[in-house]
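Quick one: this structure, given as structure tokens, is what I'll be asking you about.
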Amino acid sequence: MDRRDFIKLTAVTGAGATLASCGNPEHQLIRFVPDDDIVPGIAEFKPSVCPLCRAGCGLSVRVMDADVETVRNGQAGVVKMMVAKKLEGDPKNPISRGGLCPRGQAAIQITYHPDRLTHPMKRTGARGTGEYKEVTWDEAIAELTGQLNALADAKDQKSLVLLARPRRSRRLELFAEFLSRFGAPAPIGFELFAEDVLRRANAVSFGHEQLPTFDLARAHYVLAFGADFLGTWNSPVSQNAGYGVMRQGRQASGGTRARFVHVEPRMSLTAASADEFVPVKPGTEGVLALGLAHIILRNKLRPADAAGRAGAAIDGWSGGLQDFKPENVEKITGVSALRIERLAHELVEFRPSVAMIGGAPLAHTNGLFNALAVNALNGLLGAVDQPGGVFFTPGVGRSPATPHRPPATAPQSGADAGLAVKVMLIDDANSVFASPKAWKVREALDTVPFIASFGSFLDETSLYADLILPDHSFLETWVDSQPESGALDAVSTVAGPAMKPLHNTRSTPDVVIEIAGKLKSPVALPWKSYEEMLKAPVGSRESAASHQPPATAVKYQPPRFDGDAAGFPFHFLPYASQAFLDGSTAHLPWLQEMPDPLTSGMWSSWIEINPRTAERLGVALGDIVDITSSQGTLQAPVVVFPGIAEDVVAMPVGQGHENFTRYASKRGVNPIGILAPLTESETGALAWAATRVKITRAGGNDGRLILFAGEMRENPFEGRRQER
Amino acid sequence: MPHRWGMTVDLDRCTGCGACVTACHAENNIAVVGDVQAAKSRAMHWIRVERYWEGDFPDVRLKFRPVMCQQCDAAPCEPVCPTYASHHTDEGLNAQVYNRCIGTRYCANACPYNVRFFDFYNPKWPRPLHLQLNPDVSVREVGVMEKCTFCVQRISAAEIDAKAEKRELKDGEIEPACVQSCSAKALVFGDLNDPESEVSRLSRSTRGAKLLEELGTLPKVTYLARQTQV
Amino acid sequence: MKEATAKRITDDLLRPLLHTSWRFFLLVAVLGGIVLMGGIAWMYQIWNGFGESGKRWPVFWGFYITNFVFWIGISHAGTLISAILRLVNAGWRRPVTRCAEVITAFALMIGAMFPIIHLGRPWLFFWLVPYPNQRLIWPNFRSPLVWDFFAISTYLTGSVLFLLLPMIPDFALVRDKTTGFRRKFYGALALGWQGTTKQWHRLESAMQIMAIAIIPVAVSVHTIVSFDFSMAPVPGWHSTIFGPYFVAGAIFSGIAALIIAMAALRKFLHLEDYLHPVHFENLGKLLLMMSLLWAYFVFAERLTTWYGNGTSEMNVFWATQDGGYSPLYWLMVVCNFVIPFPILSLRKLRTVTGCVIASCSVVVGMWLERFLIIVPTLSHKYLTYSWGSYRPGPPEIMIMISTFAAMGLLYTIFSKLVPIISIWELKVGEHPFPIETAAQVKEHAILRTNP
Amino acid sequence: MSVLYALYSEPDEVQKAVDSLRKAGVPEKEIVVISSEPIEEYEFSHRDKATWLYWIAGGGGALGLAFGTWLTRMTELAWPLQTGGMPIVSWWPNLIVMFELTMLGGILATVVTLFITAKIPTRENALYDVAVSDGKILVGVESPTEGLRAGIQNALGAGRVVSR
């Protein structure tokens, strides 16, 4: 091949030397012999599991060779290693089905994050100052073992608390096993958008204490109440796949395009794709659901008993829900009676139809009622366990973690158990960031004598740790997931390491096993290693169904809000941001720079205000406003947002980290901070949508708001010529 | 007959989730410019999900539209380049040869879709982030233009494999990063010269339309209109 | 003609060459300093990355290309005008031609710098030049930038020769009038010119041909500069009017620059006897005509856009009319029409000072016009999601300032080395007889202009 | 070599001198008139007016055109690259380059011819007088044949003849 062909080839492939491989001092470093034989330039694909949310998507990791700088017995050098290059959805995985969400795509940056913790550390400075010194693993483990021994000696095992993210995973089972055998309370699961209310409701209505799975691929009519199921809620990737099919996947085989109606006060990413957007007063979603049910019952479109126990759980169901005549519902929800009539008829006409609820509607003081109402509607529509309806993934055990009840997140949670926490273990849960100030989580942490964290990064919570035993990244270790939703059949994903560890870290489950064995009175665990545990067959798990609270009929209680409408005229709606979810992925640069789908915001946080409201407040795009709740004040730039009710303001969760790597620290503001500590009356879950705020202009555009987009509308000057 | 790579974007399937945007960064070594540069609107997104508001609350609608290089057959960006850095390949791709680019940025001005991006500085990857870089894609130096390539590295890899195995490429065998990541399957990629391929079938659909068709740029990306309920 | 007159002319025009005051050196030092800073600014930009300029997505052209178009426009002052005046053999041209042609030569050199400065990788600019190379690739002749390269180099070659040829006899004169190193220096430059009848004939016919050739070239140059924009299918650029529009604008700004230059020479080199109010008067009339022509073009362009009401075209229209760029737009209208029109149309006001004021405002206005052609379009292309904005960076501003200094510097040095008025042509025109009183100037001027 | 010349202030004298030189039998070619500016109104100043310069300029233009055509075609075909769906050799754009090179050819041809025919650059000529720069007009003969010397001196006016 002569030079010209070569140039042509490069012209086509765009190949060329990468900057990364030139201008580095690598050639000066010693080259170590690789541990395993590597075929350079040939990519392998290895399975893994996405750790970012409870959906637990199965991954296929592209692995190729690269020069990695390491230190071997004191000698700095480089070694060729197979390292992960890209994450794809695993086509064979029933959850991800080959797709992946933006967060999942960026998860690989966790492994390569420049601010990742690379070795065990012991605190030297005051708590929260982030001053640590490197220690060896032996020292670290000895330290923790010592602390646990001390508890054991004092017969005080109860005051050991483990704070983790509530996941259906064997990792958490292992922790639970260890704790119970040690004599400590079960792990405390903490997550902001935990959806415990929905689990409870499903237990009540259907006997499954788990999140639902929707058969969108076969549904003909979808009515969603606040559930951001295409963006951040439940199992987004599988739901996106289903959505694609329900819209355009069936025509080829003579099927029809499904209809999709979305009910919420602020148009979310999901509502943007809906055929019909139905704004409703916050916290009254359940009323609308029952209003629809009332019409169906009244017109005998469906048998009342179809709802079964789900119906029985609603007060006045058997009586045909007389309190929910369209006129009353219109008064409460703000949705016109006519529209309610129409929707009700469509629901029946276009069966199989399914209703879903999630997110904000459950984060009100009457969240459980809203959930139960929608469940009852599903029952009435015959959508439960039916094609195109709602399913419950089988074989899913109860979460080993007890859902937190405030102030349970605060470790003096011990308080309810009647004793104080002495030792606290934190596994990647950031309760400081994700709790209202009013919960005083910091203060609580300060009272804990000893805190150890297994996290890979210093965040607001692990900053309180006295000892840090950093975990491998999910690509460097055995990982597993038993998603509670997203597939019609039971799913259990287990995957080995996709690459060798980059840093001096250790797999946390193995560390726990090691510690268990090292205790003065060792705790006997059935497994020698986490790998062994994962390879062992999953034992027949007690079905979640057996745990069902007695069904008692609930009445509608109007949602309570913190702050009176006069002083605090706006409903404050924090929502899971498409990039950062609950803030746990704010440290990934790709996600920081990904334009928000609706506002195109990057690297910043903002508050979304209806155009007319903005006009009334005299604020424009980018202006700075004070957002004041009874709990405190935030400052954020304004995004004028046509898709939000005039009495609602919304704010993405995720920014506003005080300390979370170079990319997220001191960036934007954290709406959770000013939330009132109201809770869902039945379950005690945080009612994060129940706060009211007032807005006052604080200043002009100071460039704090970074947008990617220029204009909001496609034709901004339409009809301008007529005016002038 | 040479291949003619094209794509269809089903706006009825697209949910605007943005997975394609991140996937593109991951596959193509697109630099993260950081907040300061992003504020100067120098962020580089080879594919972007445009969103347009219609109407006012409560009767408000929102349109999503993923926009990447349309790989035009009559691309305005190509002839204006004095050094042939931007030119058309035999397979109809709108190639950008970084080594030839001297940074006149004329192509970007001529492009009606604003899908070309400029490296204002040398890209930085704080170690060990650089370990993620895709060795099949060259990293761009300061002063050159870059844009969506339809993941040409994947295309040629697949073609080389097929050649080695002495077989024809299968439809759907090649998936650019954005297509692969799209869980709603809104994006379909394939050979427009193969009338049987999914992409050909879809681009013949009555819902199909090209972006800024009236300019006569002959794009190879077809947008399938979002359907509205009556 | 009277030898006394000849002597007077010679002495007057050689004075700047022979006597140098400290002011000259001060001026050179100051201007040189500014130019140097411009150079430093450019190095700074190359070193730190092009991001130091204010360019951003999607506005990839800004000050640099604005200045490029502006300076190329200015270059239409000299050669084009003097060529036309030569062909129509206007008597009053004689003192004007050279100082006009100098502007062309220097403005072109400065203008041609900008396409290089604005490159992302300026160290590769020579890839625009067609030469056999180991990359086995030639420039793309379909690219307007390559057209620019050819047009500008042709125009530059042409106008430099056009400037140099008539200088040869003057060099010979200086050679005879000086001694020592000057004699050697100018002797070399004179190329051994004698002044035989044959030489004069050849020189004059050569100038005739050049004059004929240079006019279409000049027109083509700015047409091609306009093609840089009108070839791109984007709103506000893709227009057939651009060619003539740009050429008219170029001549417009060119004349303005010429008037300013002449006024400066007149003042600092004490050439009142040679650059008369009549010259400013005549050029003023020309400027007035161009101002009207410019207004006509702008109106034609605006009306077509407004009447057609094409969505994307109107987006750009509104952006300049009452959008973010409107202040600049209306300032441009004021500078290019509202100010110069009355000044130049009233005989009373069409004085040297009046013309200079008008010219200054035109120069500003025409710079704004170039800017307003480039930036609003780029920031308002078809897809509104990708709309953007532009703010110049420090290097861009510094470099722009320094180019104006560069013009001054080159001009100063030139007028120090070369008789800024063509002595022999002046003598042929038997012009002027030494004149003392303003009254005589006027009557004399009229007598000379309409013989 | 030797030169004979005289300086005059008035063109009329020059005309006389030239005529009498002719009478003295000096070949037309050898009569040289040097002035500090072109003189139009007299017979002597119309000598040597005829020139091919215009045709040569045209020829240069033709050459430039030919080169332009070749350059564009050749380079485009040397490595045919598709751009914007335009033909590999696309005449519309090429015409521009061809035009510019045509003009360049014409201009260069003109200047070169000028230099050759005007015999510049050369060393300083023997037949010259700095007085010319003061407006004097020089008439003279370069290295005249011995036979004619006397005749020339008379013709130029014995008094003012300079001989070198």
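Order as written gives the chain letters A, B, C and D; numbering starts at 1 within each chain.
In this text, contacts are C-beta pairs under 8 Å (C-beta built on N, C-alpha and C of every residue); 3 or more make two chains touch, one makes a residue touch a chain.
Because the structure is predicted, anything quoted here is derived from the model rather than measured.
Relative to chain D, the chain whose mean Cα position lies farthest away is A. For the pair chain B and chain C, the distance between C-alpha centroids works out to 44 Å. Spacing of chain B relative to chain D, judged by their CA centroids, is 63 angstrom. Distance between chain A and chain B, defined via averaged C-alpha coordinates, is recorded as 30 Å.
Multi-chain contact residues of chain C (touching two or more other chains): 135-137, 139-140, 142-143, 146, 384-386, 388. Within chain B, the positions touching two or more other chains are listed as 41, 43, 48, 50-52, 76, 79, 81, 84, 87, 89, 100, 122. Counting partners per residue, chain A has 4, 600, 709, 713-714 as the residues that reach two or more other chains. Contact annotation for chain pairs lists A-B, A-C, B-C, B-D, C-D, with touch applied as defined.
Of all residues in chain A, only 10-20, 41, 64, 66, 68-69, 83-89, 96-106, 108-109, 112-114, 230-231, 236-238, 240-241, 243-244, 247-249, 257, 259, 267, 269-270, 272-273, 275-277, 279, 502, 578-579, 589-595, 597-598, 600, 602-604, 610-612, 642-646, 662, 667, 703, 706, 708-709, 712-714 touch chain B in the complex they form. Interface residues of chain D facing chain B in the complex, by the touch rule stated above, are 81-86, 93.
Those residues of chain A that touch chain C in the shared complex are 3-4, 7, 600, 709-711, 713-718, 720-721, 724.
By the touch criterion given at the top, residues 48-51, 55-58, 60-61, 115, 118-121, 124-125, 127-128, 135, 137, 139-140, 142-146, 149, 228, 231-234, 378, 381-386, 388-389 of chain C touch chain B in their complex. Listing the residues of chain C that touch chain A in their complex gives 135-137, 306, 309, 311, 314-315, 318, 322, 379, 384-388.
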